[in-house]
Amino acid sequence: MADRGKRGQEGDIERSPSRIDSVPEERLIRALMNAFPEAITGFLKVRNGLVRARLDRRDLFKACKFLREELGFEHISMISAVEYDDRFEVVYHVTSYKDKLLLELIIRTPKDDPSVDSVSSIWGGANWQEREAYDLMGIKFNGHPNLERILLPRDYQYHPLRKDFRGD
Amino acid sequence: MNLFEFCYGIIHWLVDLVNHLWYWLGDLLPWWFGDFFDAVGDFAASQGHLSVMTILLEVVVVVVIALINVLNFLWIFRKFMARMFDFYGPYYVGYRIGGWLQNLADGIKLFVKEIIVPAKADKMGYLLAPVIFVGSSILILATIPFSVDFGVSTNKSGDYVPAGALFALAAFAIAPFSILLAGWASNNKYTLIGGMRSAAQMMSYEIPLLMTVASVFLLAGSFGFVDIVNAQHDMWFGIPLFIGFIVFLVCLAAEVEIIPFDLPEAEAELVEGWTTEYGGMRFGLFYMTTTVRSYAGGALATALFLGGWQGPSLIPDEIWFLIKAYIVFVVFQWMTWSLPRVRVDQILGLGWKRLLPLAIINLMIAVALKSMGWF
Amino acid sequence: MAEMWINMGPQHPMTHGLWNLRVKVDGETIVDAQPEIGYLHRGIEKLCEGKSYPQIIPLADRLCYGSSLTWSHLYCMAVEDLMRVEVPERAEYIRVLTIEMQRIVSHLMWLAAYAGDLGLAAGFVYTMRDREVFLDLFQSLTGARITYNFPRIGGVAHDLPPNFERDSLRALSYFEGRLKEYEDMFEGSKIFMMRNVDVGILRKEDAINLGVTGPTLRASGVTYDLRKDVPYSVYEEMDFDVATHKDCDCYARYRVRMDEMWESCKIMRQALQKMPKGKWRIVAPRNAPVGTGLARVEDPRGEGVIYVVGDGSERPYRVKIRSPIFVTVSAAPKMLIGYKLADVVAIMGGLDMCIGETDR
Amino acid sequence: MAAAKKKDSLGLVVRPMRRTGSQVATSLFLGKPNTVLYPYQKLELPIGYRGKHIVDFKRCIGCSNCVQICPNDCMWMEKLEDPELGKIERPGVDYGRCLFCGLCVEICPTVAIHESVEFELASGERSRLKYGPKELRDDAFAGKVKEERQKRLLPILDMSKCTSCEKCAGECPEMCIAMMPIESVGRTKPEINLGRCTSCKKCEAVCPENALKMEEVYESYFEMPEPKFLLKMCTGCGACARACPADVIYMIDMPGTEKVLKDGKKGKPKKRAVFILEKCVGCGKCFRACKFEALEWPGVRK
């Protein structure tokens, strides 16, 4: 992974005049910063082609619409939910086919109200992934067309990926 | 001596034997009772009764031989498939005869399986359908003679079942009805769709099939197998009626439901189609009957287009007939394993748009040949 | 016939696994479809939380029986990203070699199942037979035929056996000849083309919107292959083309997969040629640091992603697996509606279903 | 690509049949079918195939690392009485649960367990799938397995002979031996940096008491945990030393801790454990044997 990063940087130095604008990662960060100056925090270019950002959960839908329509992030790779001691994190990995970028959007939700806005009307591929996150982790997606259990039986009572779930 | 004479001899001898006892018994009894015995005995010895019994015996003999033949067919089918798919095929059961007994072993295994009737099935239809299917298929075998001397005939002169070919085709066409019945009675959506497909499929191939056969009848001037085969003494009908032969083979493949046209039991989408709910020996019977129909198809193609039992007299006529039927059967299997299945709308399109015009052209060729006086 | 719902599955020859496709048919025409999954849910993500990092590798193999090595490789990549482990170069080449071999094996199994679905029995048997050639290679390399447990965190388990290069070149030249025969056999068959062309059309914009990836996406005219666009491992050194097709139908998907097999042969040859000498494995740390690791690979079925969260112990805190087929199946109704019941097998077979990774 | 969408009528039947037909001809006349007649003919499996395990009892030290790495908990250690080897512990495998993943083979510090080419393990009863150590025993590996792991010659210390003369540290050309003081004993012991050792054998030659000996050690690909010793809690009972399968732990007298008995004589001194961690296989048996919480195991609480 790391040598990929090196290669990219060498290329950057060569076209230094308009350096920032020619680097897709920087362009993405700028565009997001301009559009959502308060909602998006914690930018990090993890490695070439992967940008990580934290996002306030109230602005998720707007930000995703912006990503899809203005920045050309056409593909949602993965929606994963992670439980921590004090919070849930919903992690969106969004891909741009054109810029070959992967954006990792991290949304925090409190433990007592694990809900975020559904993005399935923006990306059709998010539909089942949100259902899966609901099924296994119990995150509610507001505005989802059909938020039902997908992997487990309909009458199942637990969300098994939560840390307080015991197998028996 | 042909089969009729042979069977007639047996029946005659049997009736004589029984009648001796019978008359002796009648003599012991009072006169009015003895007269009745005499009347029955006379009836038993009458020409009509002997003929009917002879024909029944003939049917039994031919069908039994044909069914034993079917074991051969199954064996060839499995061995050929195995070689085509690069494995050994039946091997251990009947090791010295190339695994020939494997089918018997499978049959025994199927016999001992439990008979299950689905709870919500229509019992009458469910039980009747295999009877019709198997019965009508075996009926075909009875009508097809192996040679002039070996077949179901109605008198000593070898006058065979009149319109035997027509009868065989009619018996062939009963099966889709039983398939529809089985499909409906099983109370299962797959079987229902399978049955419906069978009916729809029959619509598309039955007409071209009969039209090609009509051209053969036209050239032979008869509906009987013996006349048709004899008419091919100089030239097989398959050569002048080449188009018809191809159409006939395609329609026959649809008739016996082998793979390009096995829509009613399309394994991939309909599980096992109309046979889904049948298990145990019923399934075994269906499996066997499918092979019987393949053989019957091969035999029909042989009799109608490939000159029947005619060939150099180095080997007996019956063997000639079987060899030809085997070859048609193997070609059928070959086609089965190397082609994908067509879709239901495609077979309808094929039947109506391609085969029917070809069959009409073929009929016109036959008419032309007949009117030119070449046949 | 009135409209009726048919459950194609969970036990059905079409499903290639355990799932249920509910289709509503009007006669033979499909008017609605609902895929239902979850019959094979084994809770692998939860299981991973109770096992140490090396113990998960054989578990990741079980995600997909068709391309198990891809998944264990993906898992190892994700953990290496988390642990910041550098893999020796020889190991990277061995990995590329084996995952391309795995791609061929997986595509061959798909081709076999596809041929079987369409009723082409000979196609089924021949492709399965020639798959054995590569399984034998795998067996000599890893010791197993299906679930290899071959990649390790920080390399691969074994070095190449002595005659591996010779054997694999021999297998490749044999296989390339066979592949030509398959193309002749499948595309030369008119009925096969009748069943495939203009069936199951998934337009480009639908494919992108529904998150479809892999050969299905490329068959809809999008040129996106993670091996080329976000090169991982040593794919940057390899010279290959991304197989795409513009027809958006079943035939296009078939064609893309066939072309990918050709490209995989090419990559395998290059990997064998460029294989450097050196170590094939390094000692990986036992405990992962606190943080996240992410890896994406081009699975034979699409984009596979694994996201690992480490908490400093010897066990992962959370493992999230993104299966390509999970998303692709959700796009199935788009492809199915309006076609005949018999097309279901062609369309769903063309997606190369693998329920092990879908349900996890 | 070239064959795409041919529009001739041959493709309907003839071309597909040509392909299968040639296969029939090949299979019938040119060779045998591709398959084998299984119960009578068997394929030859390559060495390195992952089948039934074989355990070399003489190599195995009973460390139970294989049991710990097993993802499915299908292995267990069984206590045995062997006429040759005495009281030993050896692993058994439950093939009803085994994945044949080979992790046990990889982690074994002495390469004593291997997977053989035997694969016919099916049985009608689940209980018969449990193979005890006696059924897995095979003391001759030669030719049956591929030994891929590298051996290294490393100087291994025998603490009972060491006199802390520090000659080895002075002799080592790579400067990889450091004399580390042992707490509250007043002695030092050589600690060897294995990463820098070149197996030059000079330390072995210079040692006056033959305490350093070159031994062949298999390289391990797993980072194993090492015990952390808390001197305060140690009572010197020696349970850990008895439990250790790799002779890592030596009990050493601590001078100055002798209790003065009533008659004025000095009693026996207290003992403490000393770890020669170069040999440690990371099995954790000492940790489990210690009843006084004098050992800590990374990440595990008792």
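As written, the chains take the letters A, B, C and D, and residue 1 is the first residue of each chain.
Here is the rule we go by: a contact is a pair of C-beta atoms (placed from the backbone, for glycine too) under 8 Å apart; a residue touches a chain by one contact, two chains touch by 3 or more.
Since the structure is predicted, the reported quantities are computational estimates derived from the model, not experimental observations.
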By that same contact rule, can you tell me which chains touch chain A and chain C alike? none
Steps needed, at minimum, to go from chain A to chain D via contacts: 2
Whose Cα centre is nearest the centre of all Cα atoms in view? C
Return the chain whose centre of C-alpha atoms lies at maximal distance from the corresponding centre of chain C. B
Rounded Å distance between chain C and chain D, as computed from the means of their C-alpha atoms: 35
Just curious, how far off is chain C from chain B if you go by their C-alpha centres, in Å? 47
Round to the nearest whole Å and give the separation of the Cα centres of chain A and chain B. 67
For chain A, what residues touch not just one other chain but two or more? none
Multi-partner residues in chain C (2 or more other chains touched) are 120, 122, 126, 129, 185, 189, 191-192
Can you list every residue of chain B that touches 2 or more other chains, as numbers and ranges? 84-86, 337-339
Make each chain a node and each touching pair an edge, then name the shape: line, ring, star, complete, other. other
Touching pairs of chains, which are they? A-C, B-C, B-D, C-D
For the complex, give me every residue of chain C touching chain D. 51-52, 54-59, 61, 120, 122, 126, 129, 132, 139-140, 143-144, 147, 149, 152, 154, 157-159, 161, 181, 183-185, 187-193, 197, 255, 259, 281-287, 313-314
For a test of understanding, state which residues of chain A touch chain C in their complex under the given definition. 1-2, 4, 49-50, 74-78, 80-83, 91, 93, 97, 100, 102, 104, 123-129, 132, 136, 149-153, 160-161, 165, 167
Chain C partner contacts - residues on chain D that touch it in the complex: 1, 3-6, 9, 11-12, 15-16, 19-20, 23, 34, 45-46, 48-50, 69, 71, 99-103, 106, 115, 146, 148, 220-225, 298-299
Which bits of chain D are touching chain B when the two form their complex? 13, 16-17, 19-21, 23-24, 27-28, 33-35, 37
With touch defined as at the start, can you tell me which chain C residues reach chain B in the complex? 1, 4, 6, 8, 12-14, 25, 28, 115-123, 125-126, 129, 185, 189, 191-192, 194-195, 340-345, 349
